[in-house]
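Labels run A, B, C, D, E and F following the written order; every chain starts at residue 1.
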Amino acid sequence: MQSKDQASALDAKVTPRFSQPATFLRAPLKSDLDDIDIALMGIPYDLGSGNRSGTRHGPAQVREMSRLIRRINGSTGVAPFELARIGDIGDAPVNPFMIKESIDEIEAFVDAVLDRNVVPVSVGGDHTITLPVLRAIGKRKGPVGVIHFDSHSDCADSFYGSKLNNATMYTRLVEGGFIDPKRVIQIGIRGTYFSAGDLDFAKANGIRVITMDEFEELGRDGVVREIKRVVGTGETYFTFDVDGLDPPLCPGTGAPEPGGFSMRDIQVIVRKLSGLNFVGADVVEVSPPLDPAGHTAVNAANVLFEIVCLIAQGRAGQIRRDRQAAQG
Amino acid sequence: MQSKDQASALDAKVTPRFSQPATFLRAPLKSDLDDIDIALMGIPYDLGSGNRSGTRHGPAQVREMSRLIRRINGSTGVAPFELARIGDIGDAPVNPFMIKESIDEIEAFVDAVLDRNVVPVSVGGDHTITLPVLRAIGKRKGPVGVIHFDSHSDCADSFYGSKLNNATMYTRLVEGGFIDPKRVIQIGIRGTYFSAGDLDFAKANGIRVITMDEFEELGRDGVVREIKRVVGTGETYFTFDVDGLDPPLCPGTGAPEPGGFSMRDIQVIVRKLSGLNFVGADVVEVSPPLDPAGHTAVNAANVLFEIVCLIAQGRAGQIRRDRQAAQG
Amino acid sequence: MQSKDQASALDAKVTPRFSQPATFLRAPLKSDLDDIDIALMGIPYDLGSGNRSGTRHGPAQVREMSRLIRRINGSTGVAPFELARIGDIGDAPVNPFMIKESIDEIEAFVDAVLDRNVVPVSVGGDHTITLPVLRAIGKRKGPVGVIHFDSHSDCADSFYGSKLNNATMYTRLVEGGFIDPKRVIQIGIRGTYFSAGDLDFAKANGIRVITMDEFEELGRDGVVREIKRVVGTGETYFTFDVDGLDPPLCPGTGAPEPGGFSMRDIQVIVRKLSGLNFVGADVVEVSPPLDPAGHTAVNAANVLFEIVCLIAQGRAGQIRRDRQAAQG
Amino acid sequence: MQSKDQASALDAKVTPRFSQPATFLRAPLKSDLDDIDIALMGIPYDLGSGNRSGTRHGPAQVREMSRLIRRINGSTGVAPFELARIGDIGDAPVNPFMIKESIDEIEAFVDAVLDRNVVPVSVGGDHTITLPVLRAIGKRKGPVGVIHFDSHSDCADSFYGSKLNNATMYTRLVEGGFIDPKRVIQIGIRGTYFSAGDLDFAKANGIRVITMDEFEELGRDGVVREIKRVVGTGETYFTFDVDGLDPPLCPGTGAPEPGGFSMRDIQVIVRKLSGLNFVGADVVEVSPPLDPAGHTAVNAANVLFEIVCLIAQGRAGQIRRDRQAAQG
Amino acid sequence: MQSKDQASALDAKVTPRFSQPATFLRAPLKSDLDDIDIALMGIPYDLGSGNRSGTRHGPAQVREMSRLIRRINGSTGVAPFELARIGDIGDAPVNPFMIKESIDEIEAFVDAVLDRNVVPVSVGGDHTITLPVLRAIGKRKGPVGVIHFDSHSDCADSFYGSKLNNATMYTRLVEGGFIDPKRVIQIGIRGTYFSAGDLDFAKANGIRVITMDEFEELGRDGVVREIKRVVGTGETYFTFDVDGLDPPLCPGTGAPEPGGFSMRDIQVIVRKLSGLNFVGADVVEVSPPLDPAGHTAVNAANVLFEIVCLIAQGRAGQIRRDRQAAQG
Amino acid sequence: MQSKDQASALDAKVTPRFSQPATFLRAPLKSDLDDIDIALMGIPYDLGSGNRSGTRHGPAQVREMSRLIRRINGSTGVAPFELARIGDIGDAPVNPFMIKESIDEIEAFVDAVLDRNVVPVSVGGDHTITLPVLRAIGKRKGPVGVIHFDSHSDCADSFYGSKLNNATMYTRLVEGGFIDPKRVIQIGIRGTYFSAGDLDFAKANGIRVITMDEFEELGRDGVVREIKRVVGTGETYFTFDVDGLDPPLCPGTGAPEPGGFSMRDIQVIVRKLSGLNFVGADVVEVSPPLDPAGHTAVNAANVLFEIVCLIAQGRAGQIRRDRQAAQG
């Protein structure tokens, strides 16, 4: 039977990986936020996709492919489940027909997580979901910094007349003061553009944009330095759009753009970001119907694990101190 | 080069089926509605799906799989392209983020078709699209009858608080007086229900519901008789949801329900409906991302052909008379 | 967040089907057996497959495809979650390298379920799993009857020198006195045989074997009559091997045999079996690696629902009486 | 190691089905025609396909899926490998660029088989291959009868100006006097036609055409009677185009036509044809690139087995008598 | 409806990418060559493949995957549809059974394009199609240079006795004087060879062959320098065989060879080739039946876009001057 | 017909690659070990996989994908079939239910190969198979060196209580003295770990472990130097686990770990290892059910060819000398 008291991720040495209902990183399902420091959650929302959608099924498949993840980071030695209490709290509520209502429901769901001083780490869903998550964070903490891996800048003002979708969320976040554009860095931008001005908003607001052309000049270490320079020691959010990867690594995504990152690029860069001050993170744009074999989700689950290592590692002490203060 | 003056479907004896851009039934692309009697159109709308979507890509794949269709109905001998001028007029405009606006745009697109006295035959998209098509038809002709193959009755009042989606379009159509529920017949209803009252609206309004259980009792001929009895000689619309078929015939649909029709059932029944007074038709719920090999679209294209045969056959004379009167 | 107190299956009118971690029939995960009357469980064991395996991943995919199931049986009106308390208790423990140990662990897991007077309904796994389940049942209740849909008789004595695998479990069950062969009926047997004597054991022990040839003579109603005649009113187990279905309905199984049942056959027959005295059931041989699109699991989930309806319906009263007696 | 002296098909009770290089029906590879009575051979030719090809890979995949076949026909009890010496003699030579040369090479390959009084049973390849096989047979034995399952009549005179392809082979066979059209029966004809006269040649020459419409009227037994009436006791060839099956049973074929046979239809009919005088057979139009999971080949391998049972059964005695006479 | 006067590619900000019939790069379909400067065309020919074919379906799938392409090159800022009038003129005629006839028909189709001074950019089809295209170009302009990305040198004299196929087209082109071998550069050659002399013809004729081994030594910039040195300022053709890419980037091709280019390699190199004097181009060897998810076509569409940018950019002025001269 | 005397791999210039039953590298099937110097064999065993299995089908698919391999190494010019007599000897016997028995049967099969002084090169199967192969080698030659490409170190002591599986074979080999850990080098180790001590055994025994992190520091040439330094001139085995590759290159494997080798890495490194003293090799962990398109097997077949080139090249003289001595 499912144990009522599972405290850590299932151990692949004890419970075969093909066994038991799937959860993110094999973490225990938790309904009580007081039991956890980091909340893994799905946000199965895809009403913000202007072309190929299907990311509403992303959380389910990332959970399923999380079976492949063991409990220790082989490269850094980080054991996140020993550093922090991590739970899968299920999915944020969404309405399959209503955009604004869904965004609001997601925000409220994240509000509840933040109210208990738990760090939200979510799996999308399309990139729109970063908007309600960062609204919830920003309204508590003021404008935060963002590390953003993606092939697209997502800085349009509107798309088909809509102000709320996966191409415009940055504009809304800057407008609302939820993020500090001077502390935002976008890495991996490339592909064909809708119009010559696709990056204008980003540039005008001081967002640091690293295209793939510049990435090759800077190298991984140069990018790490730029990330640290831009976001500094302030509170920072991490958002990873799987279409930042090269397309064979993300067949299951709506807008693949050739010429992207290898998983090795991501691993090397992300592992060097420990020590930053993370207040939340997401992995988005996994669209299982476009990827029956699930390899996009395999990569997404691995990136999720790397991010969780970062957060658990860097904030292990802080999480506990904060919670003690909050409870004390 | 593409011929400016292609008048009929591409002939598979002359132009290989793998060749040339794909259109519905290999019909010519037409921008002038005065050139045609029957308008094939795509309606790439899927904002009405409460679970698995992807039907926005349905028109593209049905066009692609239409390559397999030749020009003569082997069973009935009907040669639709000799009976009527048939063109593919492209896709209705839709907005990928806005439900009401899309519905209105689709209705306006169909309005333009009807204004030229052309019969609209559309390929979805999810089943919501039947709503704007029948609104356009109903506001011109008064409440029409409907022949409806499906596993679902689509008669909810609202779904997740939304009144406009693929589970509620019948309620809207009856409310609006666009269809005459006494002249509506639904065939193939089955599967698990949301609630015990799923068929209440249909029954209360006099819609004739033939479940699969009853279908087996009646047999194909019995169903043909019931269809003719219910819709009579009045103006009638034909809507075919591919999930009426047994799931191996429609892997690419959002809500497969085991225990459905064979294609043979459909062929036999549909071929016996000639002589009815058809004012339009649609084939809906083809979701290509759920069916990479395209077999759902193969079946959809075949059903589309059967329906076009019916319409071209039964109304060949009428179409010409109507148009002459309209122009005269 | 996951509710601690979810009492029924998630309602598709409220929680979108693509949302929340997947469980069998969207039932609540339960760790306390006293909360439930019927226990849905996975048995991810496939060390008993002599050719193509992969069924260890069956429970995961049947849970995933259970998302498509709503809460009411459209044909019979049965609402199982209103008749009985039904929970998903996770997976039985198995050892991925050890056959006998796994069989024993599964038996012990089922023992615990039976000890609380809960009806076990499991999803395999290969057909070997029926052995430990029926050992647990048989040692409590004496030899029981079995309704068995399959293309294979599974009555070999040994296979590659092994006595414990998916081709021999009947021999072990009869030998051990866990089932009463005179009250066993196998339906759907067909395909190529290993040797001329493949059915000898079944016949010698009085097992009623209905081949597909005989099925066509008897018809569905004749089969229903035979089932009722053979198993009578005694305690009866129901085991459904998905390879009883025609191969397009079960691409994801190890040994597809052309010429099998339609899902309609199964639906019609199973729905007529209410009133029998079921002590447990299983659905086995779903092999997801052979079926990336998951349609075998769609059918398996539907059969699982039909069986759960039967058990909930027929034994709703009994379950409660038994439990009261046990607790009283 | 491979045994030099393997005399029968590999026994699935001894050699696991996933093991050893794949051959048709797991028969031994044979290079000496004097060792065998029935020669299984591949004809990997697909230059005769006017639309979707890929059948050059058919023999490879039918060999692979033959692993699923055991050695006894469960329904009839026929054990073909005990009745006749059956070997896989590899593939006929073909030229991937030259049509006429390939046809001639195939004919010469079959000539060699017939010269040793061995019965040729081939796996295509597109349906063109029946032409050289029947030329080789017809020139020895005079015009033979043909039992032909297919959705297409294949009786065009030319196609894209070509006289040698999978739509014209009957015309060539009748013209050349290799078959007796009065003793030819085509079963399953359906689908859209190229032109109104698609069946004219067949009718004009007295070929018996049973469309699916007529098949439903006659029933399986009626078809069996018609087959026996048409081909009589004379020498008869059996050709099975997999697109005669309903499309979910043959996703991997170039021209699927909805509304076809079930495998059960084929099994029941074919098993009743024992006693006819078969001089050869083929199974054609398996296109693996259109069917990654291989289910078309699973069905093709099963049909191949049924046909081999027929030939081995009916001609077991004759084969031996003939060979003794030839050698004596 | 389709606009009669669509002048540019569909704008993804206005017409959703999933909408409207698919054309190359979403360019307008054009039947009048006087309306365009660059003609995109399909050449659905695959009779030149010695092993796995299916490239006859390449144009259809590259059109479909062109939906993903927007209108501006994000890296270079080139907006090809603003620089030149670009249309999709449909497919060249081919005969599915006749090699020489098809080659001649393709040549005549390209002749008509060149006669109107339009630059032909084609999508194959197998690599044989470069032969008729370059015959049409060469007979007008004399021997031209060629930039050729591929894993294979395609310089055999004959293959299975055939002189016209995808392994021999270079030999025919050099023999015919259509290309200047001293101005031909092949990049990416690798894989297993048929014989030790596979590259002899290339070397003997002065073709510059850069194997993957040498590519790694030279680096991308070194290759760019070599390309410019070899082809110089003369008229130059660009041919891109998708099997030059590493296999995960081109699962849908007949002869994948591990160890190939990344898309990033291609992007960086191609973008540096502006200013060369391009007289035509092709992208070949996309075989959709080997790649249901279409990722090979995604990459092919992106390479097509890069090439079109080059041609539109470098020759925008020249195109207009030439046409004015021709018309003046 | 199959030639009795085929001495070399089928020539793709003569026998089309899609033709004839599939064997490893198109080598002749050989039952007499005296005919060959190098024995290619399948070991279809997968009872050692703790999570996703299916590698029992690996040999079949690597044979099938071997069709793509021609006879000459394009980069090195090595023509292995001219240097040594190479045959496919079929599959080692395995028992699908019994671990120890299978291991013993495999060892006996390899014993027979070694007894005839033939070099065994096997295709798995899961990585457990390296244990019986190296037991057979080690007991004849004493502890040998190992070059091992993999993402996993496979040095656990037991897994689920089992001592014989694909995570423990190194421990068994070192314990048994079959390999010399000081002459073992593992390259590519990465991914998540079961526990912090996953590499302890390797380190404690002096196995040289090169993680991906170190690989990037050393570069390919540095790794080549380390390999040569570690294994020296002594007898050395080569084992290649396909999960050493980056996941898009090995979708068909049980435990993909992002951030792995490119095929180019492998090609460059392996081609520089000529001159080492190889006594056997294997390629393992190809799981076809997880990779319907077969691209993992394409890569495995290419790696197999590279290894066979190495062995044929380096030991061509030695093989002949040894055999003459043995026979003399």
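Simple rule for what comes next: a contact is a pair of C-beta atoms (placed from the backbone, for glycine too) under 8 Å apart; a residue touches a chain by one contact, two chains touch by 3 or more.
Predicted model, so just to flag it, every value in this text is computed and none were measured.
**Q** Return the chains shared as contacts by chain B and chain C, ordered by label.
**A** Expected: A, D.
**Q** Just to confirm, which listed pair, B-E, B-C or D-E, duplicates the contacts seen in C-F for more than half of them?
**A** Checking each pair in B-E, B-C or D-E, only one repeats C-F, namely D-E.
**Q** Answer with same or different: of all residue numbers used at the interface between chain C and chain D, are over half used by both copies?
**A** Looking at both copies, the contact residues mostly diverge.
**Q** Could you grab the centroid distance between chain E and chain F? Build each centroid from C-alpha atoms only and quote it in angstrom.
**A** Centre separation, chain E to chain F: 39 Å.
**Q** Residue numbers in chain D touching 2 or more other chains?
**A** 16, 18, 50-52, 56-57, 67, 96, 159-160, 248, 290, 292-293
**Q** Sort the chain contact graph into one of these: line, ring, star, complete or other.
**A** other
**Q** Sort out which chains touch which and give me every pair.
**A** In this structure, the chains touch in these pairs: A-B, A-C, A-E, A-F, B-C, B-D, B-E, C-D, C-F, D-E, D-F, E-F.
**Q** Once bound in the complex, which stretches of chain F touch chain E?
**A** Per the touch definition, chain F meets chain E at residues 11-13, 16-18, 67-75, 77, 79, 248-249, 262-264, 267-268, 293, 295, 298-299, 302, 305.
**Q** Please name which positions on chain B make contact with chain E in the complex.
**A** Against chain E, chain B makes touches at 1-4, 15-16, 18-23, 29-33, 42, 44, 56-57, 59-60, 63-64, 67, 88-91, 93-94, 96, 112, 292-293.
**Q** Would you mind writing out the residues of chain E in touch with chain D in their complex?
**A** Listed in rising order, the residues are 46-54, 56-57, 95-99, 101, 159-162, 164-165, 287, 289-290, 292.
**Q** Which residues of chain D touch chain B once you look at their complex with the stated criterion?
**A** 50-52, 159-160, 189-196, 198, 211-213, 216, 246-248, 251, 255-256, 258-260, 290-291
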